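Shared between the two complexes below is chain A, which pairs with chain B and chain C, respectively.
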Partner chain A sequence: MTAATPMEMRDRRFGWMLTAPGLALLAAVVLFPILWAGTTSFFDYTLIMPGYDNFAGFGNYAKAAGDGEFLHAAWITVLFVLAVVSIQFAIGLLVALMLNDTERGKGVYYLILLCPLLINPVVVGLMWRMILHPTLGIVNWLLSTVGIEPVNWLGAPDMAFWTVVLVDIWHQVSFMVVLLLAGLSSLPAEPYEAARVDGASALQRFWHITLPMMKPVIAITLLIRMIFAIKTYDIIYIMTRGGPGTATDLISYFIYRRAFVSLDLGEACAMAAMLLIVIAGMTALLWRTMRTAQDD
Partner chain B sequence: MASIELNSVSRIYGSGASAVHAVKGIDLKIEDGEFMIFLGPSGCGKSTTLRMIAGLEPVSGGDLLIDGARVNDVDPAERDLAIVFQNYALYPHMTVRANMAFGLKLRGLPRSEIDTRIADVARVLSVEPLLNRRPAQLSGGQRQRVALGRALVREPRAFLLDEPLSNLDAKLRSVMRTELVKLHRKLGTTMVHVTHDQVEAMTMGTRICIMRGGEIVQVGRPQEVYRNPADTFVAGFLATPPMNLFPGRLEARGDSLVLVAEGAEIPVPAATAPGWGGHAGREVIIGLRPEHLAEAPEGPAPAALQLSVETVEALGPETILNLRLGRNGPEIAARLPADGDWEAGQPVTLHADTARLHLFDPATTRSIPRGAAHAL
Partner chain C sequence: MRPKLAVLARHLVLAGFSAAIALPLLWVLRVSLTDKLTAYKLPPEIGQIGLHNYAEVLTQYDFGKWFGNSVAVAVAATLVSLPAAAMMAYASARYRTGGWPLLLGVLASQMIPPIVLVLPMFLVFMTLLPVPGLVAITIAHVAVNLPFMAWIMVSFFDADTRSLEEAARSDGASRWQAFRMITVPVAMPGIIAAGLLGFIMSWNEFLYALILGDHGSQTLAVGLASMETHAGVNIAPLAAATLLALAPVLVLLPFLQKYLIKGLSLGALK
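Then we have the complex of A and B:
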């Protein structure tokens, strides 16, 4: 490698000067809290007795790994992620396929579809809490008009989980639609024409042409959606506070409670670090998938 | 094998005032086993016509018949035709073998039959070492062969080729031209080939169908179209450099006819073109191919032309001279042997073979026939 010329040195210096303010800000608001939480996870740090006097090593991690409530929250989160991502993918792909063949009014459909995505999750939670209110909600009123007994949407443990899943689907499904539609509309038309002449039916074209060619886009969409679903917090906070009981106690909300209700910051930080590792692993997978898709 | 017939076939995009007539009620019969070339500039409707035959474009009007059966509403899959696209349209996620096998699998052919057909075609096209590769790992020429192979394994009633050579470099294109002609001779299957390259048209086809603005201008054997272009468009489209076209006036002088153009008077013995006599005294467009100008008199009735050299294009085996007719006459091209030594600005006398002159009506641009004595 040859040494940088004075002009290249000047360019590098100028580049650093331009990025320095942004990097400093990122370090202050992103890097510092992560490092702080990472450090705290190795100490017996509570909000009653804050301090770094008692080094716990991996104690907090071991405690979290053996904590039944934490494992339950992790399990609920896995179920939640599987439910929302799979249902959203099925609906999203179906709508994207239909929209891809639509010529007229595509803009209007887009606008309608994007509306939920533009609403703040807190507002979504509040809105649906009102809509699904057992006595004052419009859904139960509508059901009563056709003679169906009122449903306790957020009060019954089994029902509450699926209600939260449905609200999240309503909120986020258009994200899937938009991403999958972008993928579908970027597919070349010629292989489809070749397949038609080769004798492939619409279903065979979908199975043999669309799905394989969409594989990278589908993988990326699923991964992004999974990463966001794992972190779901606001809807739970507004709608159920993890309840009834622990029926909707997703991991992010559980960690929040461990930190600010149980006041055990050290253990909460250890749990957060474990969650971070899972999400970082998924992000690395996402990055690799995107790189592979680009190479193809 | 199949014959393909188009009766008043049209293709209209849109409706009402904004409707675009891409193909305007064309009539054509492609015989069984023929190699038909659709030739024309971009937007002339040649690809649209091919796609209508394939079933990828709906027919807006008229009847499309394959082997005498109307197929306007028949699905592409049931027409039993194979198409090779300009950009090959290979399935990017499948290997070469899977690309070739796809159509056969869908038709329910047994595994052994599929393998045999692929092996045979791969050998003919020399793509055997590529069978386990994906399209992204192939060069342009290899992809083109695979696309052709995918069509060949199907053993269809007819092959439709939509500018399949246009993405290849000049050398490979020339090789593939020859291979396609050989393949056609070997298989004897009907082929319809769309191109805007007149070299492909002249060298490959049994017949050429020249299109312009959604209409067929002329259909005929390559040499026939070259020798007797139906109008100034065909005359100016075929061959490089194309036919020289310049305005003039046909005058009768005694028993002879004289073409008077800016900078030249070209006598034409009336006996060589009895059909032109009736046009004496009228304005005409004179057509003279660059290869019908020579340094020494040629043909039964040569006429000397005084010209000055504008530019010299020495191509190696031959030289193209761009010349000015007379002092201020039109610019015309001449194709001469390479052994001459010309310079820009140099005056030169060349002899036009008047027996190979063409006249066109300026109002209709149609050719004015020479009549019975037309001798070439």
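Then we have the complex of A and C:
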């Protein structure tokens, strides 16, 4: 490493000067709260007896790890994330492939599919509750016209889980379409021309050219969507409040209840810390994938 | 014959998909325009079409206040975050300030689940720093907006303006002047897009607003969520209110289309 010239020194100082306000803000609104939550997780801190008098060590973590309801919420979240991400990916890839080969009407299709992405999740939840109301909703009436019994969309445990999955798919499937389409449209044309000369079928071209070249885009898209799906909170709050029973008790909503219904902030912070570790792991994976994609 | 069939099949799939996206929204629009009783009638009747539900929402609920609170929070959070994020992104792109650890920190910040940050923020605002609800929500939204904006803007400040800056520098401009007079104006469309995306994120945010706000600081998301319990299943005004809440965001959509991919993919795709 060579010594920095005065010019480089000044460049460096200027860079830090520009970065300082942002770093200070991030330290105040992100780092500081995280450290505070970490501290709280080691104390018996409840909203009935707030205060840092009783050090609990890893007590809150042990309690959470042995808490059946917490583990259930974590399990439900895993199922939810796997269900929404895989179905959204399947639909998203299909629609993206079709859109990529379409000229006429592409702009209209694209504009329509962008809409849900910008809609407030609270609005999405309220809207679908209205539409899926068991007796007054349009969907059950439409089903009745073709002779299907009314469906209790949010009232029965198994059904409620899949209803929430369905609503999340409606809300977020376009995310997959938009990103996968962006990936598809930036693929080079030459390999396809060569394949056509060799007489490869559409399926062969997809399997041997499109998929391998799309791998980084697919990995990035799936990871981002998974991380965001883990955070799902709003539609649960609006549509089911975690119920019926605990059928849709996703982890964010469960931690919220532990903090503001059971009032046990210490344990809630311990659970939040565990959630954060999982998210950090996935973020590291995303970082590595983005880096490799850039280098290629 | 076969290519034509393939085109037809593609349009069938795309039209079906578009219908699945659009029909629920159109149904809510239809409910919002009917009178209260017709809204419940199945099979659906046309009935009286009018804007009375919109009038009711605006006069009989605190809708105006929620709307104002949402505007205030979203504008304040954006105005605080945007300059800091732009400078940070520029320093990272041009001077490699902070190197990859800074970038990773920014990426990680925006991945943090809101439930993780809202617990300590609630405690801090309850004990250490008792601020009004709207201020607390704004501070929380900075935590959402700043890393997101900084991250997507790093790619806006790539090599495009470097030669212009160097010309200005050799004419005697300082680094700051070159940034302020040359780079910022050139990158302005991207900066505005980042600001609008941040505005929308703040506009749509629910959990922080729910927990850190008080009765007087209900944002639209919180207000709408409370409306349902108040109104029972009074769906016609609710439909009108949800569409009114959507309006500003949908108006911005055409302007943002170009930047949306970058925003959604966190800058990983162009």
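Descriptive notes on the structure:
By definition in this document, the second predicted complex is superposed on the first by the 289 of 296 C-alpha atoms of A that agree within 3 Å, B and C clash if a C-alpha of one lies under 4 Å from a C-alpha of the other, contacts with A are read in each partner's own complex, and residues count from 1 in each chain.
As a convention for this text, contacts are C-beta pairs under 8 Å (C-beta built on N, C-alpha and C of every residue); 3 or more make two chains touch, one makes a residue touch a chain.
Here the structure is a predicted model, which means the values were calculated and not measured.
Touch criterion not met for A:Tyr52: it reaches neither chain B nor chain C. Of the two partner chains, neither chain B nor chain C is touched by A:Trp207.
Using the contact criterion defined above for the overlaid structures, shared-chain residue A:Arg196 touches chain B, although it does not reach chain C. Contacts of A:Val123 after superposition on the shared chain: chain C is touched, whereas chain B is not. Note on chain A: of its two partners chain C and chain B, the one contacting more of its residues is C. Within chain A, no residue touches chain B in one complex and chain C in the other.
If you check the complex, the residues on chain C that touch chain A are 7, 10-11, 13-14, 17-18, 20-22, 24-25, 27-28, 31, 40, 42-44, 80-81, 83-85, 87-88, 90-92, 94-98, 102, 104-109, 111-117, 119-124, 126-127, 139-140, 142-143, 146-147, 150, 175-176, 179, 200, 203-204, 206-207, 210-211, 220-221, 224-225, 228, 233, 235, 238-239, 242, 245-246, 249-250, 252-254, 257, 260-261, 264-266, 268-270.
The touching residues of chain A, counted against chain C in their complex, run 10-12, 14-16, 18-19, 21-23, 25-26, 29-30, 32-34, 36-37, 40, 50, 91, 94-95, 98-99, 101-102, 105, 108-123, 126-131, 133, 136, 138, 141, 145, 170, 174-175, 178-179, 182-183, 186, 217, 220-221, 224, 227, 230-231, 233-234, 237-238, 251-252, 255-256, 259-260, 265, 268-269, 272-273, 275-276, 279-280, 282-283, 286-287, 290, 293. Within the complex formed with chain A, the chain B residues making contact are 54-56, 75-79, 81-83, 85, 87-94, 102-103, 106-107, 136, 150, 154. Contact residues of chain A toward chain B in the complex are 188, 190-191, 193-201, 204, 208-209, 212-213, 215, 296.
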